[in-house]
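Chain IDs A, B, C, D and E follow the sequence of writing; residue 1 opens each chain.
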Amino acid sequence: MRKRDLLTPIGITLGFIMIMIAIINNGGTEGAASFIDLSSIFIVIGGLVASMLINFKMEQIKLANKILREAFHKNDLRLPELIGLFIRLSERARREGLLALENELEDVDDPFIRKGILLAVDGIEPEVINDIMNAEITAMEDRHYKGRSLIEKAGEYAPAWGMIGTLVGLVLMLNNLQDPATLGPSMAVALLTTLYGTVLANLVFTPMANKLEIKTEEEIFMRQIIIEGVIGVQSGQNPRILEEKLSAFLSNDTKVKEEADNADFVGESINEA
Amino acid sequence: MRKRDLLTPIGITLGFIMIMIAIINNGGTEGAASFIDLSSIFIVIGGLVASMLINFKMEQIKLANKILREAFHKNDLRLPELIGLFIRLSERARREGLLALENELEDVDDPFIRKGILLAVDGIEPEVINDIMNAEITAMEDRHYKGRSLIEKAGEYAPAWGMIGTLVGLVLMLNNLQDPATLGPSMAVALLTTLYGTVLANLVFTPMANKLEIKTEEEIFMRQIIIEGVIGVQSGQNPRILEEKLSAFLSNDTKVKEEADNADFVGESINEA
Amino acid sequence: MRKRDLLTPIGITLGFIMIMIAIINNGGTEGAASFIDLSSIFIVIGGLVASMLINFKMEQIKLANKILREAFHKNDLRLPELIGLFIRLSERARREGLLALENELEDVDDPFIRKGILLAVDGIEPEVINDIMNAEITAMEDRHYKGRSLIEKAGEYAPAWGMIGTLVGLVLMLNNLQDPATLGPSMAVALLTTLYGTVLANLVFTPMANKLEIKTEEEIFMRQIIIEGVIGVQSGQNPRILEEKLSAFLSNDTKVKEEADNADFVGESINEA
Amino acid sequence: MRKRDLLTPIGITLGFIMIMIAIINNGGTEGAASFIDLSSIFIVIGGLVASMLINFKMEQIKLANKILREAFHKNDLRLPELIGLFIRLSERARREGLLALENELEDVDDPFIRKGILLAVDGIEPEVINDIMNAEITAMEDRHYKGRSLIEKAGEYAPAWGMIGTLVGLVLMLNNLQDPATLGPSMAVALLTTLYGTVLANLVFTPMANKLEIKTEEEIFMRQIIIEGVIGVQSGQNPRILEEKLSAFLSNDTKVKEEADNADFVGESINEA
Amino acid sequence: MRKRDLLTPIGITLGFIMIMIAIINNGGTEGAASFIDLSSIFIVIGGLVASMLINFKMEQIKLANKILREAFHKNDLRLPELIGLFIRLSERARREGLLALENELEDVDDPFIRKGILLAVDGIEPEVINDIMNAEITAMEDRHYKGRSLIEKAGEYAPAWGMIGTLVGLVLMLNNLQDPATLGPSMAVALLTTLYGTVLANLVFTPMANKLEIKTEEEIFMRQIIIEGVIGVQSGQNPRILEEKLSAFLSNDTKVKEEADNADFVGESINEA
């Protein structure tokens, strides 16, 4: 039940619409055509790809596609369902023993939860489960970091290649000053690459890399709750207590919104008695 | 009793007045009109919003309004009243027992103080109270950080979109060099977005983000005093001693001003004997 | 006995003289007049103040005056006199007891030394004295940091407002291209704000903030010697040993110069035997 | 069996092809000639070398050649073969004793593995082996860092010398405004150095330095597996268990790809039961 | 036996030669004259000095001369001779006792080694010797840092003053547009300060500061070997063992070159058996 993160395409579309409005408002529709220049697109994108090929190893570059897709999806934080699952597991484990949880596995698709339950069923000690699953979180964090750094570097190389394209265009233009009529359009074309590079960096790559970072933090938070749940289930904790414990995370998380609406600062509150 | 932080609107107004004076002084009142260009405002604000949508999650963006409001309010550090409250609570607790403090709750609006008193009344141990309330401070710090980063990023994207707008304007201008008369005004319009972006970043977003950081530090300081007070009340500390203890914070805080007025450096002081 | 730190005014004066020479050399004395433009000064200083008002709280801004004054004073590191004082105190304490030190207090103006002696006279334990006085050093460090950050931020906002002023000037100029004769002077005026902002940042604010940091480090060093001295006096240390101990600091400090004159590197020294 | 890292030459070639396409597309083949200017190449490369000579010691500069070659080679991570080797060693050690491993040394070229086996054969204790070999890893890390910093600094000095070249060109051009026909070409030549510097930094040095960093991390990872293997062999670990232990690294490494293909986020997986 | 570090003067000379070649190639010998402008040199150097006066204390500024000289000298890392010295000392100490080492002092010029031997002769305990000599290393590190920061800051202020000079020149030029013939040369002069500032920063100050940092690290390495040697000598260690111990440093250091020549990466080495 992974949903599309509509904010990313909406943001990118909005950014381009704002640029379009600015163009058409000032230059009319025929002005818009002058903003598409194939060879300018070529040098910025091609140069960016060239720098990326040198900067990264093939394995990382192959991940690019997957990572970009990630930026367009969001993760329903369905914490209540997660808590519901662990209460169910906890009740069954107390009624029928830990081994009975194996039947529940059919209903669980998430490999991280599955792994946790399997470890619990195998009777691994809680500290060991904690170690193994935390190691997995660290590995995920590292993996996400490697993917994100791809996007971050793209945000650094894009403006550089925009500048390179502009310099190439300026040199060509300055060598052909004989015809003053072409001066303006030539320089306009030269500036296009800087525009492309700046837009790519500030509308696409940098914001995406930042959102991927926020998502990774969220994912780590979710997985820590899962570890709590698995250990709670295995140690035969009372389902009520487990619920309360996991709900602490929930409230801690939804509190962000609640408290933001309430007065967050102390100053409002002491009545002169 | 939260007051408006007049410095923020005064600062913003002053900034705009300085710009106005510079405009009118050099360009007259009709010159001022040339500084308002709707499509330029559109591309800077719209592009900024677009980058923010990609950069952040919906939950964080919803907080933007609240956070901006925060920057316009200040928190009277009314430490003396806070100390007065805890002395009163301490006296009553010693006279009538901790349970009697529940009646005092009516007069306390601040949820953090309320929580502390309730924990004390419930007979929770001091270390546990300390842990719970410090966890809350950490959560608040994290929440404030998330909100502040929204403003900080806005301060980074605003100049970038100013540059994008200027590049769009320059490309359009350079494609229409036939009429030299329009050259100047077109370029003037192109530069407006850079002006907007720079003003937004340096007059609005960056200073606001910095002030929000200062406020968070202050809030953390206040809450640590409250924890001291709650634990002091619960452990039945002598009201005089509690007052002295909390006043240490007070003097530590007001000392900033005092010492700043006095000579702060050692050198002034040793008389050759 | 705090002396003026002549380097700061000399440096600022020298900077302005260099700029004057450059102006007069190339533009004659009448050229110099064109570098004073009231409305340009207005927008840079006014805008800077506006950003500062938003960025800081009133308490910090009030400190600005004091902090700027600090940058113009220096602190004679009169370590020998400090050591002399502690030897005298140590001798008297051994002869007449710690209580006799109270009479010495009349000759000591520095509040930090006074506090230390009073703590010693009160018979507070050495570790407690150490804790209390170190806490005071930390508080001073924090206070100085807050003040310094005011100057540092000014060094960041000044060039930004210089750029804003130039953009305002350029927009006005570009809207009035009809009269080519005014083109040059208008643009000259526009550039003045960038000049003001750059000079303020690189001649005034940034170097001052750096020197204030160096002074804070020195002050911390001085106060740590005082703590050593106070504890030595209180524990009835032999005046000779105390002198040697404190002189270690002295040599460590003056060594900077000595060693700098001597060969500092190992290579010079091993004779092939 | 060290292979060429084709990505680096492909990336550099691609980058230059993109620039060529942009040039020829807009300026024709005769335009391309105007992008080669010997004295511009001289000042950027020569200035870069000059700054490097001052910045580094002779020993480090001599490494430059070797380091550049490194960026063009890749390291097959042949983990399976490495694991196979250690299983073989482990079996033989258990059959014929540790001393028999000396005969296996003929088949091992890698000095790090050789050193490990020799230490094991010599009967050094596992902790000591671990210490010695980890010290070697640290030394390698330090050595690679020194080499990489050479490339990183080149990426910083290249654009600076590009700017210096452009300033020289501009000053010359501005002193020879008499002939307006040469204005354009002179400025074109002036801009070439900035182009060279920017391309060198963003297509060659910065991406190479980043890839060298990634390679160092990989190498450290490989060597830590070797340490595990050597200690496993020496302590007479069961070959099956050793295989499983080392395969954990393998899976941990290849998992990057696997997991990247699978759903990596929790959200996909909990079925509402 | 401290040698001149020829790389620094060679690098600076080479940098200026590259600039000269670029100038003469494009502008002829008479063009070279236009690159010397006294008032431009004045404002950059003078302004730089002004900022430095405000930024630093007199004591640090007085060190500038010494530090600059340091950048032109190198330190033969004559580790073998150092090791030879300690073997000789060790042998004599074992034969004739520690006191006999005092006679060896005549042959040792390096104050750090002398201090170490004197401490050993005085019978100070090894840990205390270690503490005292490490404290000296820390003090040296701090001293070198203070000196280096002078050069680093110069590398930051130089381009800023280059920009200030250019702005001054541009304002003057723009106020005198009446004579178009002087336009080019005036602007050429204006750009000279930016050129001076950029060259100073990227050819002189920044590379020097970086090399001074590398030298400090090397010096610390050397002194740590000396500490090892002194303690070894005092504890009456066998000269052979001491030699082996100190040679470990040697190999560790010369290994940089050796290993750099050999294959450094694991991949080359495992033969499929």
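One rule holds in what follows: contacts are C-beta pairs under 8 Å (C-beta built on N, C-alpha and C of every residue); 3 or more make two chains touch, one makes a residue touch a chain.
Predicted model only: the values in this text are computed from it and were never measured.
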| item | value |
| --- | --- |
| Both-way neighbours, i.e. chains that touch chain E and touch chain A | D |
| Number of steps on the shortest touching-chain route linking chain B and chain D | 2 |
| Cα superposition angle of chain C on its copy chain E, in degrees to the nearest 5 | 70 |
| Homomeric contact chain A-chain D: same or different residue positions, threshold half | different |
| Interchain centroid distance [CA atoms averaged], chain A/chain B, Å | 27 |
| Whole-Å separation of chain centres (CA-atom averages), chain A against chain C | 44 |
| Touch-based graph of the chains, sorted into line, ring, star, complete or other | ring |
| Ring topology as an ordered chain list, initiated at chain A and continued via chain D | A, D, E, C, B |
| Partner chain D, residues of chain A touching it in the complex | 1-2, 39-40, 42-43, 46-47, 49-63, 66, 70, 73, 75-78, 81-82, 85, 88, 104, 107-114, 139-140, 143-144, 146-147, 153, 157, 160-161, 163-165, 167-177, 186, 189, 215, 219, 222-223, 226 |
| Residue ranges of chain D touching chain A (in the complex, touch as defined) | 7-8, 10-12, 14-15, 17-19, 21-23, 25-27, 31, 34-35, 71, 74, 183-185, 187-188, 191-192, 194-195, 198-199, 201-204, 206-208, 210-211, 214-215, 218, 252, 255-257, 259-273 |
